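Per-chain residue numbering starts at 1, and chain names A, B, C, D, E and F are given in the order in which the chains are listed.
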Amino acid sequence: MDISNSDRAKVLIQALPYIQKYAGQTIVVKYGGNAMISPELKEAVMSDIVLMRLVGINVVLVHGGGPEISDMLKKINKESKFINGLRVTDQETIDIVQMVLAGKVNKSLTQLMENHGGKAIGLCGLDGRMIMAEKKITSEDLGYVGEIVEVNTKVITDATSQGYIPIIATVAGGYKGEVYNINADIAAAQIAAKLGALKLILMTDIRGLLKDKNDEKTLIPVVNVSEVPMLKKEGIISGGMIPKIDCCVEAVRQGVKRTHIIDGRIAHSILIEMFSDEGIGTMFY
Amino acid sequence: MDISNSDRAKVLIQALPYIQKYAGQTIVVKYGGNAMISPELKEAVMSDIVLMRLVGINVVLVHGGGPEISDMLKKINKESKFINGLRVTDQETIDIVQMVLAGKVNKSLTQLMENHGGKAIGLCGLDGRMIMAEKKITSEDLGYVGEIVEVNTKVITDATSQGYIPIIATVAGGYKGEVYNINADIAAAQIAAKLGALKLILMTDIRGLLKDKNDEKTLIPVVNVSEVPMLKKEGIISGGMIPKIDCCVEAVRQGVKRTHIIDGRIAHSILIEMFSDEGIGTMFY
Amino acid sequence: MDISNSDRAKVLIQALPYIQKYAGQTIVVKYGGNAMISPELKEAVMSDIVLMRLVGINVVLVHGGGPEISDMLKKINKESKFINGLRVTDQETIDIVQMVLAGKVNKSLTQLMENHGGKAIGLCGLDGRMIMAEKKITSEDLGYVGEIVEVNTKVITDATSQGYIPIIATVAGGYKGEVYNINADIAAAQIAAKLGALKLILMTDIRGLLKDKNDEKTLIPVVNVSEVPMLKKEGIISGGMIPKIDCCVEAVRQGVKRTHIIDGRIAHSILIEMFSDEGIGTMFY
Amino acid sequence: MDISNSDRAKVLIQALPYIQKYAGQTIVVKYGGNAMISPELKEAVMSDIVLMRLVGINVVLVHGGGPEISDMLKKINKESKFINGLRVTDQETIDIVQMVLAGKVNKSLTQLMENHGGKAIGLCGLDGRMIMAEKKITSEDLGYVGEIVEVNTKVITDATSQGYIPIIATVAGGYKGEVYNINADIAAAQIAAKLGALKLILMTDIRGLLKDKNDEKTLIPVVNVSEVPMLKKEGIISGGMIPKIDCCVEAVRQGVKRTHIIDGRIAHSILIEMFSDEGIGTMFY
Amino acid sequence: MDISNSDRAKVLIQALPYIQKYAGQTIVVKYGGNAMISPELKEAVMSDIVLMRLVGINVVLVHGGGPEISDMLKKINKESKFINGLRVTDQETIDIVQMVLAGKVNKSLTQLMENHGGKAIGLCGLDGRMIMAEKKITSEDLGYVGEIVEVNTKVITDATSQGYIPIIATVAGGYKGEVYNINADIAAAQIAAKLGALKLILMTDIRGLLKDKNDEKTLIPVVNVSEVPMLKKEGIISGGMIPKIDCCVEAVRQGVKRTHIIDGRIAHSILIEMFSDEGIGTMFY
Amino acid sequence: MDISNSDRAKVLIQALPYIQKYAGQTIVVKYGGNAMISPELKEAVMSDIVLMRLVGINVVLVHGGGPEISDMLKKINKESKFINGLRVTDQETIDIVQMVLAGKVNKSLTQLMENHGGKAIGLCGLDGRMIMAEKKITSEDLGYVGEIVEVNTKVITDATSQGYIPIIATVAGGYKGEVYNINADIAAAQIAAKLGALKLILMTDIRGLLKDKNDEKTLIPVVNVSEVPMLKKEGIISGGMIPKIDCCVEAVRQGVKRTHIIDGRIAHSILIEMFSDEGIGTMFY
C-alpha cells in the first residue's frame, strides 16, 4: 500500500462524517467464521474494534466458537450427534462448551483486544444473569440446548459506561442453575435489540446475499425486511442463510436500525462497512 | 438448630459491631480445597459472601482449581510431569488450565453466586490486563508457569464500585500474548495488597497452624509475622504450610492488616472468622 | 443464650433474604410506650435501628412522649384538662410540649442512637416546615391541638440521603408562627405515606390485635384493611385500638405496603418483625 | 424611612463589593442578649441572616438562652446556686437546660427563620456528636458544667451543603451519655475555628469595647489581638467583657480571620457590620 | 445620597422578597439606546447585572449597536440606503455589522462587565449556531437582512451553568455560511422565549407607554397583551413603539411571564424594575 | 485520489496508535498565513480540527489576522507607521484591531467550524479576563501594543470541558479597561504553556527550518531547543524566523512537550504532522 501522507490525511477526513454519525451509538458485532481463525484477520478485527471505541462508539463483541468446541470434544473422544443441525448436548458436552467458549475463546480474545490497546472485559451469559434460557423443546431430546428467555444488559452497559469493550461468549444460564448452549447469532440479535443498538453486524464467510449463489457479482446490497418472505420463496435466501437472515429480520423488528451480513474473509470488512457509503455485504433495514 | 426468634434477633445485634467495623472495607477471600467441592460447603461460602457484600463489605473472591484441571487433563490422556511440586505446563496444558479455570470453575461460581442473590462478575488475569506475568526461571524448563510481575486492580475496583462481587480465576497474561499458570495463593495475596485490603482469608483443609499437627487442640490462634522464622525452625511451620504462610507474611508486609488461614471444611467458616471475637483458624498480623 | 458460633453464622445467613428484600427501602417506626421507658428496651430499639440502617434500610424514627409531658406539667403545677382524650393545650402547655418532645425526648434519643454507633439527627415538625398544622376544630376549644395539613419530607430525605437516621418529634408549625400538639401515630402514618415507605411499624404495649383481649393466644396475625369495619362491628377493634388501627388503615390507603402493630415490651420486636416470616404482632395490608 | 427607588438601587449597588467578598464564605453568628428578646430585633436578625444566605454566605447561627433557663427553673421552684458566675447544674437542672435550649429556644428560632423564608434546621451539640464535652474540673463540684473536648462539624457542613441555615443550641454530650451545659460564646468560637469561618460575630448588649465604659463615643473600632493583654492591664477590658474578648482572641488564634463584638440592640447590626466599611462595634483580628 | 447605615440595612432587607422571588430564574435584558452611550449609565447597567447574577439570577444580556455601525460605515464612506426603516445590507455592510457588533460592542461590554467583577463571555449568533436566519423576503431586495428561523440556546445555558453572564451580539448565521443582520429586539424576545425566561426587559429611551406621548405623567404601568390591539387602534401604540411592543407581546405569547419596556436613561432602571413593587416603565403580561 | 475501501480501512487503522497517544491531550494550533486565506486550505484546517476533537483531543485554535487588519485600516484611509516591525497603534487603530480580530476573523472561523460539524465558540483575550497585558515599553511610544502579563485559561477549559473547540482572537485587556494588540504567536505559546498542552503547532508559509533557505530539501526535521543558539549564530535561524522559533523555545521551556513549525500551504498539514511518524516541518523539543 503506497499512499502519500497527504492522501492518508484525506482518507481520515473522509471518515469524518461517519465518525460524527456513529459517535455515542452502540454497535453489536457478531464475530465468527474465518475472521476468528486466521491470525491476520483476527488482528484486523481487533484493530477495527479498538478504533471504533476510540472514536466514541460503544462496540459490543459477541462470539461463538463451534470449531474449537468440536476440536475439544474430539480430544476427549466424545462423538457428537446432530439433530436438524443442532448438537445433542449432554452434561459432559455442555461443560466443554462452557469451558471452550467462556474460558478459552472469550478470554483469549479479551487478551488480544487488550494487546491492541483496547480496554476489554470477557463476559458470558452467566455474568450478572445476562442471558437466561430454557430447554429448547423439540421432538427429540437435545439435552442442554437452550432458547433465550431473558436478556439483562445491565452488566454490558455497566462495562461500556466505564469504557470497556465487552466481549461476550454465548452460553446461557437456566433457572435451576443449569447451563445452556445457545445460538450465537440469535444471542447477538437479542442483545442488540435490548441495547437499542444502531447496527448489528454479522461476520460470515460469504460475500452477502447473492442472487446467484455462485456469482459474487450478483450481491444484493440492500434488503428491506419486508422483501425477505419473497426472497425465501424465490430460493435466493436458502439453506444456512435462512437462520442468519431471520436473525437480521428479528433484530430490525425489535428496533435495531440496520443489520448487516458482511464477509469476514475480507480484512477490515467492519471498518469498510462502517466508513463507506457503499458498505460491504448486505444490509437489512 | 432450634433457636427462638428472640435469640435470633440477639445474634443479629451481636453482629452489629463487626458490621460497623468492616463496612466499606475490602476483604479478599482465597477460595479452595473441600469448600469448593462439597455442594453444601459451596452454598455456605456463597451465602457468606453475599451477606458480607450486603452489609457493605467489598468482597473479592479469588480461586484456583487444581483438581478440575487434573480431571480434564486425564480426560484428554495428557500425563502431567511435576518438578518440585510445579506442573510442567506445555501449550496444550496451559490451554486446558485457562479453559478450566476461567471458563468452567470461574463462570460456574459466578452463576452460583448470582443464584444466591449476589451481583457477580467472572474475571481472570487476562481481563483489563489484571495480572501480568513472566516465565518462572528455574533450573529445568517448566513451560508456561509464570511469576507475577504486575497487578492492575482497576478492573476489580471498577466492578466493586458498581456493586459487583468480582470472582477471579488466576491465569495471567504475558507480554507477548502468551498465558501463564500462576499460584492462586500468591495471586490472592498480591491482589489483596494492591487493593489495600483489610483482610486476606485463605480457605484450606486444615484447622490452622497446629503446634502438634496431629492434635487440633494445639491450634495457634494468632501469630505475629515476626515469629514465623522461629516457627519454621521449630518445624511447626513445615511442608505444604510453608508457601501458604509465606503468602500471609508477604501480604502483611505489603500492608494487608490481617491474614487468616481458616478451615474451609467447617460450614460458614468465613462468617465465623469475620463475626466473632475468637475467630477460627490462625491469624497473622 | 448459649449459641455456638456455627449456629450464629446460620442465623445471620437466614437473615439474608430479608436483608435483600429491605435494602434501599424506607421503614418508619413509631416509637412509644414501655419501649421508650425501660432502659433495656431502649437499648434494644436503638440497636435494632442501627442494624437496619447498616444493612441499607432508610429507617425513620418518629416518637411522641406523653408521660414526660405530664411529668413536666406536674412539676410546674399545671393541671391538665382532657376533653374526649385530648389535652386542652394553652400557650404554657404547648411550650412545655415543644420543650419536652423536641428538646428532651428527641435529643436524648439522638444522643443514645449516636452512642450505639448510628449517625443520628434530631428533628421536629418545625425543621424545614416538615409538619404544618391547623387548629383542630371541635365543639369545645382545645387550644393548640392541631390537625396536620401538609407534610414536607425534604428535610427527612436530605438527612437519609446523607446516611443519617432522622429522629422526629411530633410538634407541628402553624401558618401564623404558632405551634401545635399533634397525634404522633397520625404524624408517623402521614410521614410514612409521603415517603412511600414499605412499612410503618407502630410500637405499642399490647401483643397486637386479639380476638379475645384477655388471651394473647388469640392474636390475629394478618388483617386486610377491608376487614377492619367488620372487626369494629364485632367489637374486636375497640377502645384505644381504634385510632391506632385507623392510622394503619389510612397509611395503607395512601400507599404504605404494610403497617404493623407490634409489642414494644418484647426486646428486639422490630427485628423479629422484620427478619422472620411469622413476624410478631398484627400486620395490616 | 423615605428613600427614593433610585437611592434604593444605589444602596444595593454599594453592597455589591461586600457580597462579592463574602460569597461562599462561612460566617458564624453568636446570637444572644436583647436581640433575642425584643420581637422587632428578632425579626431583624432573621431577615439579616436569610439575606446573607441568599447572597451565597454559609451562615451558622449559634445561640444560648440564659434567661429562658432561669424562667423555667423558677417555674419549677428550683433555686440556682452560682459559683464564680457558673450555675451549679444538677441532673434536674441539666434536663431543664437541654429542654429549654434545644427544644424551646432552638426550634422556635428555626420556625421563625423558616417563616422569614430561610431553609433552617435546628441542631444541638448532641446531633451527630457535634460537641463532646467533659466535666469542668473546679475546686467546687459544679455538676454538669462541661468543657468542650471535641467539635465535629460534619453535621453542620452536611446541612449547609444542602442549603440549610443550621441553628445550634449549645448543649454538649459526654462520653458516658451524660449531657453538659457549656458556654455558648466558647462553643461559637470553637465551631467558627473548626469550620474555618471568615468571621465570628458575637451579638451583645453593649456598643463594643469602650475606652470609657460610660461614653459610647469612646468606642475602639479595631483591636489587634496582640493589644489585648495591655488593654486588660489598663482596665479597659474588664468584668464581663473578659471572657467574651478571650473568645474573640482564641478564635483569631485558631484561624478565624476577624471576630466582632457588636451591639445587638441596634436593628440590623449584623448587616451594618457586614456591608459597610466602618462596620459597627469592635473588630478583633 | 446621605443615607445612614441603618437605613441602608433596611433597604437591603426590603430587597429580600424580590431576591427570593428571582433566585434561580432567567432574566433577559435587551440593552440599547442611551444606556449604551453614557459612560455613567453603562457603569450602572454593568453593576445592576453583576448584582443580579450574585443573588442567583441567570442574567442574559442581548445588545444591538446601530449607532456604532453607522459611525463605522461613515468612516469607510459607505452610504446607507434604508427601505421601510431597514438598512439595505450588501456584503461589505454585513461585514462591518458583524465586526462592530460581535467584535467591538460585544467584547468591550464583556471587558467592562469583567471589570465590574462579573464573569462574562461575549457571544454572537454564530457561536454554537445560536441564531440561524434566512433572507428576509420583501418586495425590494434588502441583501443580508435576515429573519430568525432557529434559536439554539445550548451555548447560552452552557455558559450560565458555569456562572458566566452571556453577552450576545445579534448577528445570525445562514444555512450556506452567510451572515445576516437581524433585529436585536426580536432576537432578545426569541431567546427569552426559548430559555423560558421569567422576564424580558427592553431598555429604551422613553419612559414607557404613554397615553399622551408628550406627558410622562400619563405612563401606563401595566398592559395585558390582549389590550394591545385596542391601544394600537387608539393610536396610543404608534410609530417606533409598534415593533417593540410586538416583541413584548410575542414573547409573552411564547411563555415569557412578563416583558418590560423601561427607560434606560434613568440610572439603575433595571434594579428599580426588579426590586420595587411599582417598578418603572410599562409591563406587559 | 483513487484508493480502495480496503486501503482506506488500512489507513484508518494505521492512525490508531496516534489517536491512542493523543486522546485526552491538549493541542494548541496557531492558525495563520495562507492557510487562513485560501478557501480550500481553510476547509482543510477546519476538517482537521473537527476530526481531532472527535477522536478525543482538546484542540484550541489561536489566530491573528494581520492582512485583514491592514485591509480595514486602508478602507478608513488610516496610514500605519511601523517601528521595528511593530505597528504604532493609536486608539482608532486598536478599535479596528479588536473589531477585525474578535468580530470578523474570529466569528467567521467559528461559523465555518460549526458548518464543518464542530461545536465551536469564538473567544478573545477579553472574555473571562483570559489575556491581561501591559503597555510594551520601548524607546518610542507604540501606543496600544501590549505585553502579556497574565493568562487565565479557565474560560478555555470551561469550554473544552463542555466539548467546544475554543477559537481565540489575540487581543488582550489592560488593567484600566484599555485594549492591547499582542503578538499572536506569543499568545499561542503562553496559552499552550498554561494549559499544559502536549503540542503547540505554528502554521506558517514556509516548509520549516531550512539549512539552505532556498532549498526545501534541506529541511531540518527535529531541533533540540539547546541547539537554537548555535543555529542562530550560523545564520540558519534568521530574520522573521527568529521570533517564531523563540516562541517555540519558550513554550518548550515552560513545559509544552513538543512545538512544531509546519507549512500551512500544504493541505491537511496538521493531520500529517499529528498522524505520521515522519511528520512535516520542524519539531522543537
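Just so we're on the same page, a contact is a pair of C-beta atoms (placed from the backbone, for glycine too) under 8 Å apart; a residue touches a chain by one contact, two chains touch by 3 or more.
Nothing here was measured: the structure is a model prediction, and the numbers come from that model.
Supply the minimal count of touching-chain steps required to go from subunit B to subunit C.
The distance in steps between these two chains is 1.
Common contacts of subunit A and subunit D?
Neighbours common to subunit A and subunit D are absent.
Please identify the chain with the largest separation between its CA centroid and the CA centroid of subunit A.
D
Of all chains present, which has the mean Cα position farthest from that of subunit F?
Measuring from the centre of subunit F, the most distant chain centre belongs to C.
Given that subunit D and subunit E are copies and touch, would you call their interface same or different according to whether over half of its residue numbers are shared?
Subunit D vs subunit E: same; shared/all numbers exceeds half.
If subunit B and subunit D share one sequence, what is the angle of the rotation that overlays their CA atoms, in steps of 5 degrees?
120
From the C-alpha centre of subunit C to that of subunit E, how far is it in Å?
57
When you check subunit D against every other chain, which residues touch at least two of them?
If we look for residues of subunit D contacting two or more partner chains, we find none.
What is the order of the chains around the ring when you begin with subunit A and head toward subunit F?
Order round the ring from subunit A, first step to subunit F: A, F, E, D, C, B.
Help me check something: in the complex, which residues belonging to subunit E touch subunit D?
Residues 1, 3, 5-17, 19-20, 23, 44, 47-48, 50-51, 54-56, 117, 266-268, 271-272, 275-276, 278, 280 of subunit E touch subunit D in their complex.
Which of the residues in subunit A come into contact with subunit B in the complex?
Those in contact with subunit B are residues 72, 75-76, 95, 98-104, 106-108, 110-112, 114-115, 119-124, 126-129, 155, 158, 162, 164, 171, 173, 177, 179.
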